[in-house]
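In the two assemblies presented below, subunit A is common to both, partnered first by subunit B and then by subunit C.
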Partner chain A sequence: MRLAGRLGGAALSLVMVAVLGFFLFRVVPGDPVVSMTRGRPTTAAMQAELRAQFGLDRPLLSQFWGYFTSLLQGDLGTSFTFRRPVADVILERLGPTLLLVGTSTLIAVGLGLWLGVRAAWRRDSAFDKATTGVALTLWAVPTFWLGMLLMMVTGDLFPSRGMRDTDTAPDFVSQALDVGHHLVLPSITLVAVVCAEYMLVMRSSLLEEMHAPYLTTARAKGLRDDLVRRRHAVPNAVLPAITLVFLRFGLVVAGAITTETVFSWPGLGLLFYDALTGPDYFLLQGLLVCTAGAVVVMNLLAELLYGVLDPRVKVV
Partner chain B sequence: MSRFNAARGLSRASGGISTFLSHRAGVAGAAILVVAALVAVIAPLLIPADALDVTRVTAAPWQAPGVEYWLGTDHTGRSVALLVVQGAGTSLFVGLTAALLAVGIGTLVGIVSGHFGGLVAGALLRVTDFFLVLPALVLAIALSTVLPRGLGTIVLAIGLTSWPSTARMVRAQTLTIEARPFVERARALGGGHGHVIGRHVLPSVVPLVLVNATLAVATAIVAESTLAFLGLGDPTRISWGAMLHQAQLHGAVPQRAWWFLLPPGVAIVVVVLAFTLVGRALEAVVTPKR
Partner chain C sequence: MRVKACALLAIATTLGVATPQVQAQGPVILKVAIVQQIDSMNPFLAVFQSSTEVGRLMYDYLTAYAADDQRVTEGVANRWEPSADKLTWTFTVPEGKKWSDGKPITAQDVAFTYNLMLTDEVARTANGSFVTNFESVAATDDKTVVIKTKAPQVTMLALDIPIVPKHVWEKVTNIKDYANDQMPVVGSGPFVLTEHVAGQFIKLKTNKNYWRGAAKYDELHFVYFQNSDAAVQALGKGEVDLVNRMAPAQFDSLDGKAGVTRNKAQGRRFTELLINPGAQTKAGVPIGDGNPALKDVRVRRAIAQAVDLDALVQRVNLGYAEKGAGLVPPVFGKWHWQPGAGELRKFDPAAANAALDAAGYPRKDGTRFTLRLTGRAGRAYDEQASEYLKRSMSEVGIGLDVRLVSDNQLNEVTTAATYDLAFSGWATNVDPDFILGLHTCAQRPGADGKGGTTDSYFCDETYDQLYARQLSEFDEGKRVEIVKQMQARFYDQVPAVVLAYENALEGYRSDHFARFTTQPAQGGVIMAQNGMWGYYGAEPAGRVAQASSKGPWLAIGGMVLVAAVVIGVVVVRRRQATAGERE
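And then the complex of A and B:
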């Protein structure tokens, strides 16, 4: 029953995402078609076509119904700048973003958890103070600025624009090496942003376990210090940090927008930037609905996963 | 009775101040904020308008730091040092007002959904959880894209998207307080909604809200700089994020113009860190370790 409730809640959230996407573009003051075509040569016929596409000539309820039914069929409208279906444009850019976000999340989780465990185990040591200080500072650093700094400091060491060079040999190994070379700076930027939070959560989560009676028992059995940590304390403390990977998916998405913009990484984040500079409202609406939908699904996964990992929390 | 309360309040306040003072990082943060606020208020009075007018500056563009311009000049020949000082006002103003808006909405939603049960509370909770999950920055970007450019839009975009965490926390605190016997007593004596909220719930919520607001300012300043960097800021105003937008647009990185890139970024980091440290010190005051 709880499972059905969770699924129902997520479904309701998805509907709310759709409603949000619809109304966001109804708060545009004035005529959205005019603001979208500002500074571009457009004929009256093109404007009328755009208006029909928005459904601006119909009553609000019928507009919403049209939007909602096409959304269910995967139709997100046509992009004004790309002159192609929004869904196709988004799918095309999904790969590079998954590569960047996936690599960065894996590194950030590994590094963050390791640092968090080390910091908490030796609380108030120099290492603990240093890592907590660095984490707080990183939290205050705007992502895009960090990216620009890295670019300037490394100079010509790493490519700073795009995902691959045009003159790379077409075989798989050289292509993979080239993409990897391009991936270095953007992923460092994204890791720096997300890692700090994993580290702080892992640290506080382990600190809560530090005085648990079962650790005293483990020590009384004569276990070595790092065995107590690895086998007893960490497995219990790691749960909140693991679900955080899914819960903080939105943070990664937001970080990806600025990172991809700084490094011209051809993914969804850069597409977001293209959509807002247009402005291309259909593209922006599609991106908003897709990312928000993905975040809702990730959140549901986090709740379900927690129930599996920690039997004390009954979800199913 | 009232004299007793006043005395207790005084001793609590002085205890709080001494707890805050024992957090050295928090004191340092507070000192930085005082300096930043003074700079933001005084700077516009001291800087001649000519110095920041692109059409009237006389210095060469992209000048490295030197005797005359000790932080160099930007792509139009304006002094980077003056731009950073001038930008403090915008960043602080947006940070404070957006945080105030977010915390205000959050407090209202939190108290209403915590105090009044039933359908309204359920719906509010549902909406809060929904917005809590969504990435605030993405929503803020979408909002400031569709609204006309300006300072008000930035404040709205950040404020309207970052209230849910405050609402969650205030709701939890409201529920905790209302379960206490003295609130039940107040109700039994005939205290209405206004009395319970005003005399019991609000006073217990305010300290937490204050901590939340301080941390919210830090988040809002980073959000402002991000929106400005993406070109969504007020084009008529100088802010740290807008400076970095210009730096990116005019190729400060390939030109190795570090003096145009470092100062605004460092300013953001220092002020945001200061708000974070003050917030953490306040948190220690409000929730003493048991």
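And then the complex of A and C:
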């Protein structure tokens, strides 16, 4: 019953996002038709034709009803900017975003949790101080600045932009290696910035467990320190980090606007940025529904997984 | 096992990193950085400057602008003749020109293109304004196109409309949904579109059938940069061969860079300071909330007189601009206007103060009134010039409330006329009709506040009369005079102060490409031309693999990564062995 309630709650959240998204983006400053035609010889009649083409000449509620009924049928509308179905434009950018943000998130989670455990276990050691200091510094660094700095200091080693070169051989292996080559700098930038989050959460939650009586019992049984940490302390300390990880996985779809902008990575973050400059209403609405949908689904999964990891909060 | 797999993967990736991307004898490619998205490759829908620039390479227009002096020259048509009443134009399409698929280009293609725009409103999306005055278009035979206009139109040789192949486009049933992505895309220009990956790059190949002769290299690639700093770095590294739209600081950073040549060109853009003259709709109903004091032309003139344009050019444009005057930049030679001795408004704060006193705006506690200055946040010019103007205006007793907002907000503010002063700017064309027409009464919005294209809200009977005269004046010498009178009138009435004509700052890899054709020949631009000459006329410096310089660095990087992975594997194995022994 509680499971059905949670599923219903998730569905309601998505509907709310769709409704709010429509009105939210309508108050974003700017007129798509004026933005499109600025700097070009345009007549008032041409502007009126464009408004009619996009349905912007209809009353707001009529526009909303049209959008909402189409959405229920899986139609996200047509992008003003790209003159193509929003779903196609989003799908085209989904792969690059999943590759960049997904890879970076996996590395950041793995590295962050590992460093967090090590730092907590050797509290106040040089390792703890060094890793915490570096992580906090990177966390505080503006992503844009870090990306540009990495681009400069690595010189010719890595490309400055995009996902692949235009003159790479067309075979799969060459293309895959080229994408890997382009992935290095944006991934490092993202990992460097978000890794601290996992590290600090893991560190603090493990520190809370460090003096728990069950650890003393485990040691009294003669278990090695590594095993005490791995088998007893970490599983109990990992729950807060799990919440964070799932939240972050939900945001993978949203892309990383700054990193994608710095490295011209053709993902959803960059698409969001471009859509806002229109503003491209249908594209913005589509992006919001997709990204919010991913967060809602991941939150739901986190709640369900919690029950598996900790039977005390099991969802029935 | 996992450790091994990771190690192998890392080594494989590293080896890939160290693989040179271009074979030494591969095609010669010109790589160009673009910093604006491509909206559509459909020439009837594409409105972004980047898209129209690529479109110019794919499709010829009816006429073209020469590279050396921007005069009207041969495009699809090589001869043209207006009738005595100037209502009928006859264009001749010569035999021998071919589409990229080998089929002949004829007058039927021209008539098809224009008639499609006349009959399908979607086909008018991008360039509809050029055919508004058309009565009919007909191809009387394969060589002759006759265009009848409703009224005489002096801009008939400035129709910036790509001519499309009838045999391809007559099969298109829905222009709105047609992406024009059937590669290779059949065209008449010097290059043929062969691949477009949205948000990443566009590839074109040289059109071997081009009637002017094929370009001197094999492929032209446009690569997309969201970040102009990255584009400049990529030029320095040799990842791209050509970059434009550089900021002065970026341009300076390339000074002395090996293999890079900079091009400081006269640009088509100007920056202006709008002064709300009392905005009204077409019906004369006031809109917006401009300060009423600005309706007084004496106040507007005093504001203009209090701005030191020379200092702005030196301090804000860092010298990469020319002082502003008329609406047409100096790059367009004969159309450009500079005030004569009797018209010139010299920078003179004392005279501006006196004029404001005389106009009836005395100082109270040192200030006469306060104005809002709206500019774009993140645009270096607006940020720096607004500080400068704040000081200049305070010297004449005008307080400035600076509001730096997003691009969209700035558009909204200027469209709704909810500004006192605002930064704006325009890119102009060879024919001055567009930029002059923006400031006529007819360009103001309708009663609903929509449909306007002006941002100066200028409405002046004298100016409008001159505009109508130039539009039907077919004697070029006389038209030039009228155009200059219009600019003088605009300057005198000051709905805006043209602050500067910005230089177009470009850079290219002269070790890859030795020469580019600029437009105009002296001090002209390579990119963003009124034509395709910059790309078409590029001459390779030699058939050198462009990425070969990366090799040693990639190899070193690869070796470092391999070493790191090997050390990691050894450490983990040793650790595992120790743990096993302990257990």
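Basically, the second predicted complex is superposed on the first by the 272 of 316 C-alpha atoms of A that agree within 3 Å, B and C clash if a C-alpha of one lies under 4 Å from a C-alpha of the other, contacts with A are read in each partner's own complex, and residues count from 1 in each chain.
Basically, a residue touches a chain if its C-beta (ideal position, glycine included) is under 8 Å from a C-beta of that chain, and two chains touch if they have at least 3 such contacts.
For clarity, every value in this text was computed on a predicted model and none was experimentally measured.
Of the two partner chains placed by superposition, only subunit B is touched by A:140; subunit C is not. Shared-chain residue A:40: touches subunit C; no touch with subunit B. Of the two partner chains, subunit B and subunit C are each touched by A:152. Look at A:160: by the touch rule set out above, it reaches both subunit B and subunit C.
By the document's definition of touching, of the two partners only subunit C reaches A:274; subunit B does not.
With both complexes superposed, C is the one of subunit B and subunit C in contact with more subunit A residues.
In the overlay built on the shared chain, the residue A:262 is in contact with subunit B and with subunit C. Of the two partner chains placed by superposition, A:311 touches none, neither subunit B nor subunit C. Contacts of subunit A with subunit B, set against its contacts with subunit C after fitting on chain A, overlap at residues 28-29, 148, 151-152, 160, 261-262, 273, 276-277, 279.
On subunit A, the positions that touch subunit C within their shared complex are 28-31, 34-51, 53, 81-84, 89, 92-93, 148, 151-152, 155-157, 159-169, 173-174, 176-178, 180-181, 184, 224, 226, 260-264, 266, 270-271, 273-274, 276-279.
For subunit B in complex with subunit A, the residues that touch the partner chain are 126-127, 130, 133-139, 141-143, 145-148, 218, 222, 225-226, 229-232, 241, 244, 247-248, 252-253, 256, 258, 261-262, 265, 268-269, 272-273, 276-277. On the side of subunit C, the complex with subunit A involves touching residues 12-13, 15-17, 19, 21-22, 26, 29, 31, 37, 39-40, 42, 45, 47, 49, 121-122, 124-130, 132, 176-177, 179, 197-201, 203, 221, 223-227, 229-231, 233-234, 237-239, 405-409, 411-412, 415, 426-427, 434, 437, 445-446, 450-453, 546-547, 549-550, 553-554, 557, 579, 582-583.
Subunit A makes touch with subunit B in their complex at residues 12-13, 16-17, 24-25, 27-29, 32, 136-137, 139-145, 148-149, 151-152, 160, 247, 250-251, 253-254, 257-258, 261-262, 272-273, 275-277, 279, 281, 284, 288, 291-292, 295-296, 299.
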